[in-house]
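Labels A, B and C are assigned to the chains in the order they are written; within every chain, residues are numbered from 1.
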Amino acid sequence: MSANAPDPATAGEADSGLNVAELPGGARAAIEAVLMVIDQPATAVELAAGLNLTVDAVEQLLAELQREYNGYTVNAPDSDVATVINTVGHKSRPRGFELRNIAGGWRIYSRADFADVVGGFVLEGQTARLTQAALETLAVIAYRQPVSRARVSAIRGVNVDSVVRTLMQRGLIEDSGTDPESGAVLYRTTSYFLERMGIGSVAELPQLSPHLPGLEGIEEFYDAGRM
Amino acid sequence: MSANAPDPATAGEADSGLNVAELPGGARAAIEAVLMVIDQPATAVELAAGLNLTVDAVEQLLAELQREYNGYTVNAPDSDVATVINTVGHKSRPRGFELRNIAGGWRIYSRADFADVVGGFVLEGQTARLTQAALETLAVIAYRQPVSRARVSAIRGVNVDSVVRTLMQRGLIEDSGTDPESGAVLYRTTSYFLERMGIGSVAELPQLSPHLPGLEGIEEFYDAGRM
Amino acid sequence: MALAGTPLAPAGPHADPAELPAADPLAGSGKKPGFEVRLVNFTGPFDLLLGLISKHQLDITEVALATVTDEFIKYIRNLQQLGEEWALDEASEFLVIAATLLDLKAARLLPAGEVEDDEDVALLEARDLLFARLLQYKAFKQVAGLINSTLELEARSFPRQVALEEHFAALLPELVWRHTPGQFAALAEAALKPKEAAPSEVGLAHLHGSAVSVKEQAEILGLMLQAGRPLSFRALIADAESTLVVVARFLALLEMFRDKAVAFDQLLPLGDLTVHWTAGRDDWSSENLTEEYEEQP
């Protein structure tokens, strides 16, 4: 999932009636909703455009959310939930996540204090090998790059979303922009992939049999069906 | 990356000194921190093993977080941030995200109220509509799984080959082996289907029309006629 | 969840197939509707039938299928006239249902009588089967509508599935990579090769159906007819457990007729065919049959 900011020029028109302040939780919650699911950091300008708010308002809300997540704002004990474990004054405690501004973009991360716990959780069950599904997907991307997930799915006959995420995480493939027609994200292999393969460029990959179908015949169910 | 529970037998050793309750924000925040990095639903058991907590405690905390995100617990006005927009009583308001138990695990989702806003930022992950033919085929597979294409065809009265292929590529159904008698490939729904439906298991699907007389017998009758 | 209480209304945008231009030959003039048009309009013969039934506001359980038969047939005919290309299997489904409907309609035109012979029973079975299939399809169509609305509702919340933070990604064990470029290419070759279609499930069982011997059937016919009474063909095949047996008995009769073991009597064109035994008791044996039916694979 990649974070693509709505084009400020069109976002205003499309959402002309949108007033996030009227939604439950208001503009704060709207910003949270976006921050929780975007993969790439979003700038205050992008957020403002997407939410139909001024940049100033967004920056103020971001700062407030950041403080709130850090457990700074509230000290009032919370009597409603006093019966539940760990609750006394929990509203004033830091949350397990934090809002960070890195190179101008905002994103939610897990809180650094929990790095050990989270790291252990993440590492469990990880293997040093790629699964067969991941290898095949990587092979398709290597020979058909740049290519969208939808096309790789169509070639492999199965959904490849989670495998593509694994390959990204492993640094073997990367985002190479979007398809001008469908808007789908395109993927290509990385220099780390070349390094692991021991070759200098993808041109050095062994030739495939010329009879293999290219991408022309591949059903583009995703792109075509996308609303 | 998948969220795999640490083996309870070894987790204890590795994190023998770990007491998440002592960290800022306590066990609640630790759970939140883990929820920030998983990309697949995590079960209470996995979380408990990873965090060195009892499953009961984790379940209680998850339920509490869920209520809190929904804006249920707290009603105290928050004077510290009264100068910021939309703040009066905001602590009692729903957050922009929610914690849901789907397909057997817990995961953070953006709140549905903000779908229009969030959709602008999240291009991928937006899913194309299914055609009527695909929906009907999916329905038959969901209720009759594991089931062969021939049976689905028999129920729908049309060939379903290409529709089945599309559903496979979308990750909604998968191959579940072959029928020992006919050798036909059998299909079943995936956990991604459950996620998309927001349910824990296929048992939670709504009942098929209850006034269908002797459906099973009929089905065998005309299936037998086809084979 | 709108479908729950809506009787028979086809879900979603594919509302009433009977209202579609294709049902009216004039509407189709000028441009020929393509394959998609048909698929968009309705998703199969049951869908069409349900649409027609709902158009007449009939109760599916009591529906007089005769009233929708004409429209069903007309619809198919129009599609054909418009040059629709039919996939063979799809067309056959439509035709099977059209034929069943026609049968049922024809039965209604006759004076209502007692259920007497096998044909009446078969007709009743055909009707019940059609109803059952229609009801079943309707049920699935309803839950398909529910699934659709649930999917649409659920698509409004987006899961958090973000890339792993870099410091965690750095903790991942170093990738074990043992593929040479050649092996990797082989992997790509295999992945890119067009997939063999999954084994076809088109029923082939009937091709290996138990072999039916014309000779055996002739023996059975001989025993039935040598009892002395003439029998109708209908009676002679009354106990046939499959069409194959009926065919074999028919062939056997032709053989026996040629051997002058039997004679036929038919009072009216298409009337009952009566078979008499004409040979002497021991003048005929199934051994007389030609060999040509015996070399069955």
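Criterion: a contact is a pair of C-beta atoms (placed from the backbone, for glycine too) under 8 Å apart; a residue touches a chain by one contact, two chains touch by 3 or more.
Please read these numbers as outputs of a predicted model, since none were measured by experiment.
Shared contact partners of chain A and chain C, listed by label, are B.
Averaging Cα coordinates per chain and for the whole protein, the chain whose average falls nearest the overall one is B.
Counting contacting C-beta pairs between every two chains, the top pair is A-B.
Among the other chains, C has the CA centre that is most remote from the centre of chain B. Averaging Cα coordinates per chain places chain A and chain C 48 Å apart. Measuring from the averaged C-alpha position of chain B to that of chain C gives a distance of 37 Å.
A straight line joining the Cα centres of chain A and chain B is 18 Å long.
Shown for chain B are the residues that touch two or more other chains, namely 1, 35-37, 39-40, 97, 108-111, 118, 122, 125-126, 129. Listed for chain C are residues 158-162, 164-165, 168, each touching two or more other chains. Contact residues of chain B toward chain A in the complex are 1-7, 11, 14-15, 18, 20-21, 23-40, 46, 50-51, 57, 60-61, 64, 68, 71, 73-76, 78, 80-81, 84-87, 90-91, 93-97, 108-111, 113-114, 116-118, 120-126, 128-129, 165-166, 168-172, 174, 190, 192. For chain B in complex with chain C, the touching residues are 1, 35-37, 39-40, 97-98, 100, 107-112, 115, 118-119, 122, 125-127, 129-133, 135-136, 138-140, 142-143, 148-150, 153, 155-159, 161, 178, 182-185, 195-198, 205-206, 208-209, 212-215, 218-219, 221-222, 226-227. Only residues 11-14, 39-40, 43-47, 87, 89-90, 93, 97, 129, 132-133, 135-148, 150-162, 164-165, 168, 197-199, 201-203, 205-206 of chain C touch chain B when the two sit together in their complex.
Interface residues of chain C, counted against chain A in their complex, comprise 158-165, 167-169, 171-177, 179, 181-182, 184-185, 187-195.
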